[in-house]
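Scroll down for the structure; my scribbles are underneath it.
Chain nomenclature is as follows: A, B and C, assigned in order of appearance, with residue numbering initiated at 1 for each chain independently.
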Amino acid sequence: MPVNERIVVDTFLRMLDLGGTFVFAIGGGAVGVKHRLDLFGVLVLSFVAANFGGITRDVLIGAVPPAAIRDWRYIAISVLAGVLTFYWYPATRRQHTPLVVLDAIGLSLFSVAGTQKALAYHLGPIAAPILGMLTGIGGGLVRDVLVSDVPNVFRAEIYAVAALSGALVVVLGDILHLPSNPMALAGALVCFGFRMFSIRRGWHLPVAPPPEGPEA
Amino acid sequence: MPVNERIVVDTFLRMLDLGGTFVFAIGGGAVGVKHRLDLFGVLVLSFVAANFGGITRDVLIGAVPPAAIRDWRYIAISVLAGVLTFYWYPATRRQHTPLVVLDAIGLSLFSVAGTQKALAYHLGPIAAPILGMLTGIGGGLVRDVLVSDVPNVFRAEIYAVAALSGALVVVLGDILHLPSNPMALAGALVCFGFRMFSIRRGWHLPVAPPPEGPEA
Amino acid sequence: MPVNERIVVDTFLRMLDLGGTFVFAIGGGAVGVKHRLDLFGVLVLSFVAANFGGITRDVLIGAVPPAAIRDWRYIAISVLAGVLTFYWYPATRRQHTPLVVLDAIGLSLFSVAGTQKALAYHLGPIAAPILGMLTGIGGGLVRDVLVSDVPNVFRAEIYAVAALSGALVVVLGDILHLPSNPMALAGALVCFGFRMFSIRRGWHLPVAPPPEGPEA
């Protein structure tokens, strides 16, 4: 890939990443406010929800220090979103829908950006989408563990599967040598559409049947 | 060590690792089914229980991307075991014994394989068995945290100590320059025997005495 | 910096780190005893509380294997503190004050040492204090997650903010090219003083107001 195109891809990837950071940080801060944490706790949940997935991905592919630590913009955006949420969230908490939409946007951007970064670090077509999905769901998972909830992603409807579907679009584009920015957009749209459509239709994954007879 | 022997050791180590992955993934999936998670949640618990210990070890010794991410067989085996558990576990959940035996096998294989890998990365005779033990107990520990339980390993009878005993056999063999495959087998047998024997005898570690007087 | 001074700095940094390890390990062991864990569980909580923050910092800056794994003294000190706590803590548990003071000492030493190490690995003036703070608060945070508590640091008074204040003193000294050992001492004193003073005065961070009207 020529240098110019490489820079465009990197800029685009960074923009997806920073956008996802902002919307996930708002969601993380909102969980902190709901649990009546103090201002610092809310900021930590904002940062964790927005950056833990990406940090884990970067550690696993050997890209240390992770972008979320090295690049001050991730920290600044997370803190900004956390402060905004801390002061504004209580007045708006009955508006559940925007949070769900923001979260679906974050999931789409992160899954796609995470997959692209894993491919750039030479991970294969099975590992890359898993790392992309991890980028998308990791932050929310640890956010829930920190406030002692069973992670929402384990009970959610179509969530991780939507992230995986977007990641697979990116990998497919990579295998077929299609241009990466349009495929990233397509992957994000597939993830977002799948997630929102499944919410509207009430789709969910199968749950194991209850045990037969008394428990062991 | 000649190249041929090196390859034999690596193949043997990989087989131990993949075997441990399968049995731990079944145990992780079973915990997910018990907590009524959906199919994805069960697969995640399978993967985490089977691979988190090894991933942590690999990150700590600098072997990134970790084998469990880079090598598709770990992912495939974990997913296969998770799907099997999801569909078959409820019918068989009253059979507690097989799970305990499978878990002891996984613990033995992982502790030994983890110690060998740490030694191969030039960790010393104190750090290597700790990393081996961590490989053995790490997955189950995070599995329990994810479903908001206090990790079972903290309350279990002789569990981490059994892992440590197997790891020490491997380190001892390394110090004495004994052939590594037989010592790995010996270590796994020591760990497995110690674990099963302690269950049969009801052995457990000391617990701190209850506090004197009312709590502070 | 001349080689001799470099060695003095390293020795000083290592001493801060080992001192912080001991006091945090006691605090971690005490939490294990309170939750009636067995001896191994108490030792794990000692080790985690004392070393998880530093291990995370080392993984994030690419210093693997982390010092806490590679250097047997961290392990030995953690185990020693854990055993002491296991056998002596119950008799002394009504003495709450010493634990709080020890914890403030550990927080001060770790925040300062963590910031220095991050600077030595060329992290910038925003990332370095965050890694210093993480070194200080990370162990206690995971300690609480392991026993299924909401981490204390989220509800604590001035805790992470005190760690951050000490870290900022170190960064400021680095920017102004002031000698590093005296600035490390100053940073530790600022953190310790801020923490203890805020406890005495009952200071705390703002908490989000309760929601208006019924919950969504």
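Observations on the model:
Assume a contact is a pair of C-beta atoms (placed from the backbone, for glycine too) under 8 Å apart; a residue touches a chain by one contact, two chains touch by 3 or more.
Here the structure is a predicted model, which means the values were calculated and not measured.
Overlaying the C-alpha trace of subunit A on that of subunit B calls for a turn of 120°, given as a multiple of 5.
At the interface between subunit A and subunit C, under half of the residue numbers involved are used by both copies, so each side presents largely different positions.
Per-chain Cα centroids separate subunit A from subunit C by 29 Å. Residue positions of subunit B with contacts to 2 or more other chains are 59, 145, 148. Only residues 32-33, 35-42, 44, 55, 59, 64-66, 69-70, 72, 75, 86, 89-91, 93-96, 145-148 of subunit C touch subunit B when the two sit together in their complex. Put simply, subunit B touches subunit C in their complex at residues 59-62, 121, 123-124, 126-127, 130-131, 141, 145, 148-151, 153-156, 159-161, 204-213, 215-216.
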